[in-house]
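First the structure, in the form of structure tokens, and then the observations on it.
Letters are used for the chains, namely A, B, C and D, taken in the order the chains are written, and counting of residues starts over at 1 for each.
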Amino acid sequence: MKLLTKKNIADLRERIHIVIDGTDTRLGKFFDIFLMVAIIASVAVVMLDSVLYIRLKYSEILFYAEWIFTILFTLEYTLRLFSTPNRARYAFSFFGIVDLLSLLPTYLSLFLGGVQYMTVVRILRILRVFRVLKLAAYMKQASFLASALNSSKQKIFVFFLFVLLVVTVFGSVLYVIEGPENGFTSIPISIYWAIVTLTTVGYGDISPKTPLGQAVASMIMIVGYSIIAVPTGIFTSELAKNMRPQLHPVTCPNCGKYGHASGAHYCDRCGHELHF
Amino acid sequence: MKLLTKKNIADLRERIHIVIDGTDTRLGKFFDIFLMVAIIASVAVVMLDSVLYIRLKYSEILFYAEWIFTILFTLEYTLRLFSTPNRARYAFSFFGIVDLLSLLPTYLSLFLGGVQYMTVVRILRILRVFRVLKLAAYMKQASFLASALNSSKQKIFVFFLFVLLVVTVFGSVLYVIEGPENGFTSIPISIYWAIVTLTTVGYGDISPKTPLGQAVASMIMIVGYSIIAVPTGIFTSELAKNMRPQLHPVTCPNCGKYGHASGAHYCDRCGHELHF
Amino acid sequence: MKLLTKKNIADLRERIHIVIDGTDTRLGKFFDIFLMVAIIASVAVVMLDSVLYIRLKYSEILFYAEWIFTILFTLEYTLRLFSTPNRARYAFSFFGIVDLLSLLPTYLSLFLGGVQYMTVVRILRILRVFRVLKLAAYMKQASFLASALNSSKQKIFVFFLFVLLVVTVFGSVLYVIEGPENGFTSIPISIYWAIVTLTTVGYGDISPKTPLGQAVASMIMIVGYSIIAVPTGIFTSELAKNMRPQLHPVTCPNCGKYGHASGAHYCDRCGHELHF
Amino acid sequence: MKLLTKKNIADLRERIHIVIDGTDTRLGKFFDIFLMVAIIASVAVVMLDSVLYIRLKYSEILFYAEWIFTILFTLEYTLRLFSTPNRARYAFSFFGIVDLLSLLPTYLSLFLGGVQYMTVVRILRILRVFRVLKLAAYMKQASFLASALNSSKQKIFVFFLFVLLVVTVFGSVLYVIEGPENGFTSIPISIYWAIVTLTTVGYGDISPKTPLGQAVASMIMIVGYSIIAVPTGIFTSELAKNMRPQLHPVTCPNCGKYGHASGAHYCDRCGHELHF
């Protein structure tokens, strides 16, 4: 008797798929909740491991915990890859890549010290588990925000290009004015300073010392302070537009045009009367 | 003659309730004003007590003042608890908890040094006294703002989740890049740094030193500088929506036009009278 | 021959008034331009005087220049006071007070060192001179902005009260957590730190050192980063409301109601037909 | 045979113009792409040259690369000047000046050390090359943003004037309060500090030390934190206004309704055909 017939494998695949990717079955729901707890616990382990006095005290426990989580997630990744209907699409999807990046650092840490901390990217996997918690309303809001961002992406690109040009030019000007003796050791560092200043972060690790440098720096500060209006304005007006009352959901019985201004009695495309 | 009959107690309760919670009687008004003065004075006492050279000089006066205020507020709390129609609801309401937290630290300070400064939370009690000052208009505005916040809370939650993921991932990346030798001593500290940077606070107590770290930090700065547009956009468009003049949901009995300006008595399309 | 008859004085008053406060006459225009130059020059003198190596070099010139300007402005103030139709109203108006504050510090500096620098408030006098430059359009925009601020002042007051409570409570919490050994030397200083943090200024002169302090500080940063949406939202929606297309400037021939929705054919108050 | 007849020169001019300024011919397109690569490469060379350990290692290569690029751009500038229909207009246009400023620093560096870094302004030339990449959509968005900025420039000017007055007055006040011993060495430096604070940059290189100074500084911080609402509000409401769907200025020949949705062929009130 052959156990691994083609049919059997397809069946197994289907069943694993339902558990791992679905939330309708009890096992599927349990799996999702277990996964969420495991993700949070494993991220906590990585974080604790990075704190020196905790690492010194509990290094062994943390080491084993990290490997147990990694092996668990490796198993999960293999099952996902095995059960998914379209392997390539999963492997190169956002979550496919995140799943892989959640595992690799631990394996790489056998050869390279420090990399294992990169496993915190597995915090992003929490996003997938959100549907278990019936967070449909939140997902709708998120996609609403994302669509507003998406439809203003050209304007935002123009804005970023402008910011890039401003920090390059101002950074270089400050490099020439202040020079290495005042902390502006190179143009890239000066551009870094310009970004720190324009975004109003202002660490103060580098700051202009000469009167001329301070005058020019004041200009970039005021520019940064003012142009924050630009992304805000773009995004706000896009959101406001999407929130505006929509057209009436009426179809013209003659030409079939859908959506008419509130109060319209006749179709404004063909002139036929509308019935509400 | 029995003084504390049930009826007498209920009467007393009622009378205390009117004075403490009401503002219609003269005594009620006077009580509210006195309370406000007492709150401000007691907060001032706590603040002055925390300033070293004032504490050294006037420690005794401040000590007695603090105890007098605490005893006064304890009395008030007891009276409120006694006179309120629903004890449990008051005790676990926002103001009930604030009232209690305004007292406890002073008593706890007998055993634990330093806690007495937590009595500043009594500054929140000032909110209750606001109605005396006929600040109804302000309260309406506050509830208007609160309702705009409330109806956009799902969007704001999505935004905070996004911020949380961004600071976790970027914080960890910077920890790996910069390492403990540049001040990024652990992942939690690095996440703290990421929050300081993303929110554009930028203390400068921790800041990246390596070129790669500065490049990644520039990215988080620009992200933080841009996504401030998101809460602003959400809140602004919500406010703008609420401010838009609403049409009255009235249908004209003659021409059937639906939706009329507030205050309209006649249909502005056909001139027929409107019935509300 | 009596020169200072009552009539003569009234005449002189009127003529001075026209020159000093008007811009229609040639002399009035010239006076305004001269005044503007004098204000800017005198502010420049004060600023230069505060720079050590300039003061050391040109102390005498700066001293005389400052006194000449002060005497000039004193003369101008006297003439204004003399020629204005309503003396008390001028003296206690915004500009009346600014005019006085522009003079006093120089005289006070005879007794008190350092005060003379306060004469820079005379920079505010520049606002009055703006009308000469035919800046009516700018003034209109300024009053437009001011009216938007004005009609949202209750909301802004509520916001500021909220900010005040937040910084008081958070500042005190940080004082208890961090304590004087980490720079939080008193509650007032800690409230100052909370304002520096909430407004995202972030000097870094005081910053939390303990893990718990950094966690609470992160909360106040995220609060500060988010609630900037509130003043922005209030002001933007107020501005947007004012910019919205206004009602048609049509008067109902029957009831006299002014202003009707675009497209209205009948008065929505009395039902009479409208003529455009 | 004369080679340089007038006709020949005009021909040559025309042909060069088509290549340099046009994108329709293959050579024109190739030229634009080559130019873009050259600009980016030359800016990279300047940046690398400013980094000390790179300059020490590759000084010769960088030196020659810089001169090759400069000669190339000089040639291009000459050709542009030669082929343009209106020489003066080009020379004093934004791009004409940028083109010149991209060359001059290298030549000046023969006499003055350090100036050569100013050639980074050639990064601005990248803007011109954008049309090659079929970035018409982006250009439209940019001009949309620019027009919103343009139509609110009076309001923005008023805002900047307000900011200027606030920082001058507050800066001077802090100078008097804190004085040179706390880092406020002069009024111009104190104004610089006020700008750093008002824009919420907050380097921390200068910060108030006295209680009174910190109280006044808190005020300027809260002002800065709040008035960021002003440019944002101005720009957002301007953008929102421009985004609103405009009605076509068409009158219905039958019922006289003025203003119809874009794309309407029939009046939506009476059903009559519309003529444009």
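Couple of notes before you dig in:
Here is the rule we go by: a residue touches a chain if its C-beta (ideal position, glycine included) is under 8 Å from a C-beta of that chain, and two chains touch if they have at least 3 such contacts.
Just so it is clear, the model here is predicted, and its values are computed rather than measured.
Chains that count as touching both subunit B and subunit C, per the definition above, are A, D. By number of C-beta pairs in contact, A-D leads when B-D and A-D are compared. Annotation: 30 Å between the Cα-based centres of subunit C and subunit D.
With centres taken as mean Cα positions, subunit D sits 42 Å from subunit B. Separating the centre of subunit A from that of subunit D, both taken as means of CA atoms, is a distance of 30 Å.
Counting partners per residue, subunit D has 188, 200-204, 224, 228, 232, 234, 236, 238, 240 as the residues that reach two or more other chains.
Those residues of subunit B whose C-beta lies close enough to touch subunit D in the complex are 200-204, 232, 236.
Here subunit C touches subunit D in the complex through residues 43, 46-47, 50-52, 114-115, 117-118, 120-121, 123-124, 126-127, 137-138, 141-142, 144-145, 148, 156, 160, 163, 188-189, 192, 195-196, 198-205, 224, 228, 231-232, 234-236, 238-240, 243, 262-263, going by the rule given at the top. Residues 154-155, 157-159, 165, 168-169, 172-173, 175-176, 179-180, 185-188, 197, 200-204, 207, 211, 214-215, 217-218, 221-222, 224-226, 228-230, 232-234, 236-238, 240-241, 260-261, 263-273 of subunit C touch subunit B in their complex.
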